[in-house]
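Shared chain: subunit A. Partners: subunit B in the first complex, subunit C in the second.
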Partner chain A sequence: MANTSSPLADSSGLPPAEIFKPKPARAAPASTLGIQGWIRQNMFSSIPSAVVTLLGLWIVYAFLDAILTWAVGNAVWEASNRRECLDQVGRSGACWPGVAAWIPNLIYGLYPKDQVWRINLAALVLLVWAVPLWLPRVRSKVQIGLSLVLLFPLLASYLFLGGEKGAIWSALIALGFAAFLWALLTTATEMTTGLSFTRFVVGALGATGRSEEASRRIGFAALLVVYAVSLLAVQAMALSFVQTRLWGGLFLTTVISGIGIAVSLPAGIVLALARRSRMPLISLLATAFIELFRSVPLITILFMFNTMLPLFLPVGVEVNQLLRAIVAVCLFAAAYMAEVVRGGLQAIPRGQYEAASAMGLGFWQATGLVIMPQALKIMIPTIVGNFIGLFKDTTLVSIIGLFDLLSMARAVGEDTRWLGLFLEPFFFVTMIYFVACFGMSQYSLNLEQRLSAGERR
Partner chain B sequence: MALLDITAQAGPGARLMALLNNTRFRSVLYQALTLGCVVLLFWYLVSNTIENMSQRDMSAGFDFLGVSAGFGIGFTLIPYREGDTYLRVFIVGIANTLLVAVVAIVLSTLLGLVVGLARLSSNWVIRNVARWYIEILRNTPLLLQIIAWYFGVFTLLPRPRDSVGWLDAVFLNNRGLYIPAPLVGSGFTVALVALLLGIAGAVAWARFARREREQAGRIRPVIAPVLALLVLPPLLAALLAGAPLAWDMPQLRGFNFVGGINIPPSFCALIIALSIYTSCFIGENVRSGVQSVSRGQTEAARALGVPPGRTMRSIILPQALRVIIPPLISQYLNITKNSSLAIAIGFPDLVSVWMNTSLNQSGRAIPIVAMTMGFYCLVSLAVSLAMNRYNRSIQIRER
Partner chain C sequence: MNEAVAEAPPIELIGLNKWFGAFHVLKDIDLRVREGERIVVCGPSGSGKSTMIRCINQLETHQEGTIRIHGRSYGRDARENDAIRREIGMVFQSFNLFPHLTVLENCTFALTWVRHMPKQEAEDLAMSFLARVRIPEQAGKYPLQLSGGQQQRVAIARALCARPRIMLFDEPTSSLDPEMINEVLDTMVELAESGMTMVVVTHEMGFARKVADRVIFMDQGEIVEEAPPEAFFAAPRYDRTRLFLSQVL
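This part shows the complex of A and B:
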């Protein structure tokens, strides 16, 4: 300021006025700045806090040290049986070769080794089918997502099970395959031209100018062609039959929880709507079903279906154990999901229903277009929490004798070469569950934040 | 009028349409259709069941309850002998399930409170230790944890001869935990009566002190007199009656311990796994409950000069409890239901002795499944009734 004296002061000839110059602020004390200050504030703010910090650090150190020494430091990486491991390090280190030798079984169970590619193929299809849901330029995400949830199981069940397929069965499998092809094609056209597959076909045939009716007919014909192609492909496929008794490991866990998840959400929505219905009888039936299945432990439901389902069905109809478990898990999950959905519906203000009626929307339109989308958005964290719970709960099927991931981990210790190996496979399986569940919960947090971005302006 | 005329003149088809579009008629129709479907389904299931059972020579009656079960149960809370009836087995199972539930509820609440408060700590290390404790334990299946505690810890403990002991009174080995057992002597009733009188006195004093505070503004000491009333009368009575309570200490004889109470390893593993697993959920409940109380409350209390400990006790917690308690109760129900996983490690709870052993042995699937489910439904019904009453009582009364 001093050397930029104003022209006014110059002309008057007076000496430039003394201008107040604040001294530069002193730096904050070193103890409140930077890493040091942060550590002081967050870890050593008082003597009790410092003591607790040290205790906490010691716990973390002891825990990590014990785990790492066992799992990495003292671990044996090469051995042909457990005896060799024990001779080298005793029990102080992990014996990983046992787990490595069992990894195929932990993942695929007893599924025939030469048929394992079918599981891998299904997983690949699932992955490819789901990828468009994360691509920003794809517009038919809802349709692709719905087709994935509803029609992928048709395709996957044939890949997993194989065997004879009758006419109806073939048609259903082809439906699944056609939906997959449609998802691929529509993703491709939307990524390149921005038009959905059917619109793209109409455009390619030069029929853009025609009436809405005509172009819809052309689109339908295109879908029929896709279906015909997939029907031919399915007819050409011949896979050998694999009994469900051979299914196991992570594969079985995923199948059970996947079906449970896919069934529980729509079933839960229907049950929740029924429970909130103004028709007393329907509401009563839904409430009774939900409360019954929610008040008893899953294991009793599994036992019940295991012993009673054969009694409920006509004489001579055999239901395999996997199907019994899946039915039990689905009913159980649907009851829980119904309560989640009901909670979400209750959070929607009455004004939304009234506004929808005022616009002339009927019950189903109001529910499907106005209420449900908002409610589902609120419910995402709880729904994902439920999915995580379901994924963890599928371990219970090991109690009724299915070979899920947990049973497979216990089977390692019964192998004569790795007799008594318990901690290592358990550690491995725990890590699988942890990564899956933790990943899901973090993703739901992320999704929740992104979806509520509009409210945080 | 004109509209009505049109409907009246129109043919039967239009009248049918009008009827179908009538909301009340539609509601009745839907309900009738649903009822019809449900009745049909039940009829189908029941007729199939009857036919199946007649083919397999099974019976659905409850007459087997009076028959001797003839199998032993490893751990029973109430007396049970091998020759006792199936009904007795059912009751033994219920007692064991409730025992597990009560012990796990107490432990998980204490642990959950600690974890929840640690999660809210201003100390970064503690906050994150608590966070990862919760993340790791609640993202792995409970069944896996129970099995890991049982096979990975409790069965790998040393033999009785090398067991871990504290103060020569508590011993831990691969046969379980041995603790001293109280031996009730002659004067015990006197002490018990004194204890009951003490409790009554303590409650009366607490009520009196509260009334004094609320109506007259006088603050009376509460904690010290209440403790004194609880501890002193039974102690004095016991001393006067000549120390009627003795302890039966566990002692190593040969290869095993005799005396004291033996808690089997399966019980220990189940309790520890259940308590730790549930403490994660309770901890998160506590955290969200405390966080739901607005910061303004803390700040207002500070402005009024209320010390931090008292702010937590008298201002934050009472408001937080309103948010914490409903999910807490549902966690308690979860503990009761999850205790059924005992079957995986052979602890004889209701599902294990009744739905597994008794069902396989007697073959009476229907009554046994119905009784088991009935028990769990009853528990959950009772708890939710109590819950609803509680919820009504704590609702903020708006004036």
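This part shows the complex of A and C:
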């Protein structure tokens, strides 16, 4: 017989077994429960702890009081120049009219006032395009997200730049516009009927019963119609050209860091996989790239791209200064992200690869479906940390003569009407950075909690 | 040709040699497993038993010798290798379930992504195997919410979903709490009774006695001896085998 059971089970000759009865669980002591219990345990558990608590509260109070008095209590809200502010409250209160007068420039830089609607429109398109990603009933989230990241830039760059458009450029812009229309249409049909846009068209034409091949052709034709409409719309648009040196403020900061963020993650994933590759040449190249860009300060890279790149390019080829800065930021961010992703990949046990390949999955399937989802989930805090860092690092482009948010804030105090007004614009810009970065960080926490459902025991 | 394939044994290892760097892990392994045969492989740690069964589905590559699965041998063609592998299911010591997927998704994973089976069909098949390992009620949970024994049973169901003709077990009970070993062994016994060809690396000698057609003892990268369980436990031929048995029994 099998001998898999414990050797004690069949030992005979013992006295009859006593019955084990577990003790019932009791409620925790009342003094440790609720808010009062928490305060007593964590803030006033001993005399030194109580002293530290009170001291801490006093410091917070003093700090907040000083800031609020300056920013709100003594602040001047209406004045036409800095002299008037100083006459009213001296330096004891903030002079907000200066910031208010400069807000359009802080946000849009020197972008022509009558064209600012183009930036607002692009922001609105971005927002509308992203909304379906939060709607639970929309199933094509991956496709919409990808279309957003890959094709919104085409549409946005035309809105921002404007000017003449050749045939190829028109076709690309129309592609961006068509993707936007498709995202809207498919969201609408999925919210109402649960069918994707192409399936909906097939159904509406009464062709549901036809073969898979036929319905695929009909869906494709529907997409072609959307593209044709977009192409006509784009042909009809005629936006005036706005040079990139007029771009500035929060707008420019968002453009540079947005592209940096959108490029750095996929590029980082590719670099990290390349570095771990078994092919020595690929691994060597990826490692060399990553280490080179990580070992050099961002400022240096920006300078290199700004001043040295033109020397290496053939005469007559001119690369826009903003584009140079964006490329530099992207390469730098990709190198950092590659190491973040590599760290995540290393945290995944080898057994996960083995289980996937034992099932017959190839390398790319195993990486894309098993390893990456887990690695990226672990790395969310670090990835978002990098995004936040990148968003703030873009202030460095002011050094090569681009007017980002921070440089615009500095320009306020150089305006003759508001001469010397530095503190208030910086305070304002600090608030903008804080809101943006804190928002990102909160979103990442939220994302982590939602994704870690499986890890909760 | 087709007849030859049909008659070919599920697993054939001929003159298998493998090195990890300079270290010779497998030395001239010859093994032939018949259809429906249950083989238990035992031996001290470092004897090469895990490496041997990992070679069978090419989680490890070998340097010399031939491995034939139902008459087809591994070669340069990656697609052909993947096709051969799909005949083989594997259960690991550390379960290796995908923690980001539910139990049901773990089971349908290979069906969806390797066999491109429609979702509903895949889920029905997966549920039938979860019922067979007696945990259909856990289908919606994530692996880390289950006990070790339950996780290993899910891993068995997951491997079975791909409809393999051969099952490999690499120390399936070694990382389980003693109280959970039997539930996994019971599942394996049932699987053996259904006629599956199985190669099991384990130290559970009770399981070997009850289920195995042949027990193989390995040491230092060699097959020292192989015999039906009665003969193996009653009258081992080699001193090394006797020493090992005196330590594990």
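Just so it is clear, the second predicted complex is superposed on the first by the 415 of 457 C-alpha atoms of A that agree within 3 Å, B and C clash if a C-alpha of one lies under 4 Å from a C-alpha of the other, contacts with A are read in each partner's own complex, and residues count from 1 in each chain.
Following the convention adopted for this analysis, a residue touches a chain if its C-beta (ideal position, glycine included) is under 8 Å from a C-beta of that chain, and two chains touch if they have at least 3 such contacts.
In this text, all values refer to a predicted model and were calculated from it rather than measured experimentally.
When the two structures are aligned on the shared chain, A:42 is found in touch with subunit B, with no touch to subunit C. By the touch criterion stated above, A:359 is placed in contact with subunit C alone, subunit B being left untouched. Of the two partner chains, subunit B is the only one touched by A:423; subunit C is not. Once the two complexes are laid over each other on the shared chain, residue contacts for A:401 go to neither subunit B nor subunit C.
If you count the residues of subunit A touched by subunit B and by subunit C, you find the higher number for B.
Once the two complexes are laid over each other on the shared chain, residue contacts for A:349 go to subunit C alone; subunit B is not touched. Once the two complexes are laid over each other on the shared chain, residue contacts for A:308 go to subunit B alone; subunit C is not touched.
In the superposed model, A:163 lies in contact with neither subunit B nor subunit C.
In the superposition on chain A, contact of A:112 is made with neither subunit B nor subunit C.
Annotation: subunit A has no residue touching subunit B in one complex and subunit C in the other.
Only residues 1-6, 349, 351-352, 354-355, 357-362, 365, 369-370, 373-374, 377, 453-457 of subunit A touch subunit C when the two sit together in their complex. Residues 42-43, 45, 49, 52-53, 56-57, 59-60, 278-282, 285, 291-292, 294-300, 303-304, 307-308, 310-315, 388, 392-393, 395-396, 398-399, 406, 410, 422-423, 426, 429-430, 433-434, 437-438, 441 of subunit A are the ones that touch subunit B when the two sit in their complex. By the touch rule above, subunit C contacts subunit A in their complex via residues 57, 59, 78, 82-83, 85-86, 88-90, 92, 94, 96-102, 109-110, 113-114, 142-145, 159, 162, 178, 181-182, 185, 204-207, 209-210. Those residues of subunit B whose C-beta lies close enough to touch subunit A in the complex are 27, 30-31, 34-35, 38, 45, 48-49, 51-53, 55, 121-126, 129, 135-136, 139-144, 147-148, 151-152, 333, 337-338, 340-341, 343-344, 351, 355-356, 359, 365-366, 369, 372-373, 376-377, 379-381.
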